[in-house]
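Chains: A, B, C and D, in written order; residue numbering restarts at 1 for each.
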């Protein structure tokens, strides 16, 4: 009984963290059809922003939930204005440019913070369930992830902003024709997407040690989750992260964490082989 | 025709080479010490202090007038925590820079990547890191502690403080695999039982499910030969899950890269380790060493187990050269095989002629308030694991790493 | 006397709950010219895609020269000697006209002969002046004409054209009619078309689609005179 | 027409031989060898991406597979000829299976990218965690993170003790690159190559012409993998060790960057891009003022923004502008070398 609860918590945690690390990428991809390969580095910067702020004496939750998303969002804004803006509609080129940006950020972080592992202590302590100890922080991640998805849903469904956003997702030209400047919508979207990436990196930072190359561990998983999720932003995100999270944890418990990762990847291959042509395949036609 | 062209090419290469790298030419009258260490990347917590230690040793040798009347010059490469770069830079050190000795390599993977290159090119090689034991090669000298020196002492001590059921979490490469086997052997020798072994690739940083899994097995003691920055998060997550007071922890590697200073006191306190060196050793030699380190590096105090090993390795080599009165590889090996010993910050280190390993002190320690408190000192331990399989006096042509069989 | 080159029996295509073509029985004789007309959503394009292999029908069969081709891939259908032109111009934009046509011919003959064939087709279709130009730089009408060239180059015995005259100028349409006329000397031709002007100019038998089924089949003049067709086709205008 | 081609080929051979001869005067053969090997690796992606339109995020998988195949076979055989052959065929076979799975499943574009990326990750994870003694092929331990050191390196065929290394290895690699270059040239001039370009331009059209696009893409993909495998085997001989890092995403990324910087849709571009950037990286590695990765990142971003077609096409058009039209055919080829995504941009 206790054991199944422990395993359940781990599964929920896995699903929540997958959704969390994919959210920023999903927003940018869903709205702008831009695959931001610097997403992992945005997360890494969110982590560094948190750690630096904590070291400067800021409360850890303020640092994670406010400062990190804000800083990374602003970095995203600069990136959008300087680079991404010039590449809209050229999906492969944006991928390459953001790949370049990811290398750039890794280099920057290395020069600023050094290549050493830095970390902060988890702010929430564990507690016991029967004979088992559970990491209390898992619940925090689950909570953040749930709040995030719900507020995204509410935002998209009920607000004017959400309506414009959904319109842009469907047909950016029509949104433009209705007088909404796509330029500004994209700018705002990229800011939000980057902030979400920063938030994810910040929230996960206390769990894992941070090095400038930390982002690499996330980007592949996020990329797979978003692509497999398909065109529907929130439903896609929830369904694919649930699938992959469960598969991952079952094999992690059954065999080992490496097999968990491999099982996740194999599940992705099978999924894409069975459901090859999403909407995303369409706008890609004729492009390299 | 081919020959003349070759000569032409070689001459041209030498010419351009000398233009690009003036130090190659002016270096003719110095002794060249090659160094390959990860001073960046995920293993830099190990490599940076090792590099500082090597330079400190060389500076001290040079300040005392050098060796054989010559200054020692360092030729060093940063392998960026990338195993492929080791073989590349080893080739450069031996074939292009033609160094007299190479000190370096951190992970066992990096040692195995370059050991054969050193052997083939007959370049004397010092590997100054605690490791899994068993390397038997006349060309290499090793002064790090081996499982018989470390694990054999640590396991009964840790089991005595906790219980008989042991769970092993090891890094997934040769060091982790072989060390895990040694731990299993010593656990069995001490009447205990190994209830689980898990291996983790060096980039794994999420141990949540592992911690849950360990609890389902319910061991008395977890021994963790984990390596590198990513694995450090295990100890954090272990503490965050509140496991610290329930199951005892020991490690054969934690603290080697000063991890006890990265972890908070709450996260680290009570973890049991055994090494040759601790900053808390209150001996005149160590205090002097810490002072000269601080003087050389602007007050820095980042010396750790394998940095000190590296320092002691360079001193041992220098002693061998002095004794041989020559830089010739075979002469230096023969001199070292007479059982040269030095007094380093961690005490007396003596070369074991049979295995080219070292006889040294080992301290049982516990983490306390971001330091390593010495619980018990076991003086002058022999590398009996390697001695059992390797005799370079009898078989000087041996060239392999023996692995423990269970 | 003439053999049947294309036949469908009970061809049905459903998308979810929507029936796009419903039990269509269709047949075409060698060197016959046939136009498929019908209002938007009548199922003619779906029917076309089922024949060419771009879609696999839910039910029914397709035969070409008595060979069943139901569910074949487009490239397998094309390999039989069937020339296909889709609705949007499908050409290789980065390549020149010669290269495009060479590639179509190369499928059925060695490289050298394909080069000669390409020259031949270029002359026949009066493409000489733009032979070395890249397709991406040509006008819409020219691209449509080149695509017909691709079809011709393979010496097909059955040609399937989806809206070849769409978006063309009057001059282009005349030229197109001439080319299609020439095609019918060696091949049976099926054309899906909206443009009644064009259909009249090539004066063929017409099959009218309505709500996924065949409404009637007759000569163009009779069809156009038919009140039911006028009603269906022109909607409220009738 | 064929005569002018012949003349161009002869000129290429002469230029290549002069280069192979002269380069050791400037750069040590040890470094040159790896530049040449990277050139070959880049050419393998340049072929399938630039001419076949298949963007593979996992070209490193075939490179690593070639290297590991060589190392494992060499340990078991103790001679280098058979391992070299295997190192070409195993990746090709693997790519054929993978390609068939993808292309017959009509996976395209971004999905293709994801699958190739995921397969590379799986290979990396697997190889990286194969340190245990149970992972043995014949006498070769896979070694996990350690990689496989100490295998038999290249020898003169039939004479296991006559090693080819140092300068000789450089000449072998350079000649191999030249041979691969001409193989690619021949392939692109053949009907198969011309149709492959057609597939890049418009898959549906080529399929409607009666060509089996799936089979042709699979074959092209396998040819690319074979070249990458050969490069991998040569790399194993150069480094004298193979490690899981060969399969890493970083390695795949670099190959893509080489192609972009050098110029897609050209044969020379990827080779120049690879050799140039790898040498730049080597030079940057000798300084510690600015981080290496940072500079590579900036280069990539700047190229995508300002020179998206790459160096070679840019130089070619500059050349054409200053020296006029050399020949109509050549300029026509140059122009369609890479389609600019102008439709939406």
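Criterion: contacts are C-beta pairs under 8 Å (C-beta built on N, C-alpha and C of every residue); 3 or more make two chains touch, one makes a residue touch a chain.
Everything quoted here is computed from the prediction, not taken from an experiment.
Shared contact partners of chain B and chain C, listed by label, are D. Which two chains touch most often is answered by the contact tally, and the pair is A-D. If each chain is reduced to the centroid of its CA atoms, chain A and chain B end up 39 Å from each other. Distance between chain centres (mean CA atoms), chain B to chain D: 38 Å. With each centre defined as the average position of its C-alpha atoms, the distance from chain A to chain C rounds to 48 Å. Chain geometry summary: the mean Cα position of chain C and that of chain D are 42 Å apart.
Listed for chain B are residues 172, 199, 201, 203, each touching two or more other chains.
Counting only residues that touch two or more partner chains, chain A has 110, 258. Contact with two or more other chains is made by residues 125, 129, 200, 202, 339 of chain D.
Going by the touch rule set out above, the chain pairs that meet are A-B, A-D, B-D, C-D. Against chain D, the residues of chain A that register as touching in their complex are 35, 83, 86-93, 96-97, 99-108, 110-111, 216, 220, 223-224, 227, 258, 261-262, 265-266, 268-269, 272-273, 276-278, 280-281, 284-288. Within the complex formed with chain C, the residues of chain D that make contact are 191, 194-195, 197-198, 200-202, 204-213, 328, 332, 335-336, 339.
Listed in rising order, the residues of chain C touching chain D in the complex are 52, 73-76, 78-79, 84-86, 90-96, 99-100, 102-104, 106-108, 111, 132, 134, 136, 150, 154. Residues 21, 24-26, 28-30, 125, 128-129, 131-133, 143-147, 149-150, 166-167, 239-241, 243, 245-246, 288 of chain D are the ones touching chain B in the complex. Per the touch definition, chain A reaches chain B in the complex via residues 3, 6-7, 9-10, 13-14, 110, 114-117, 119, 121-122, 124-128, 131-138, 206-209, 211, 213, 217, 249, 252-253, 256-258, 260.
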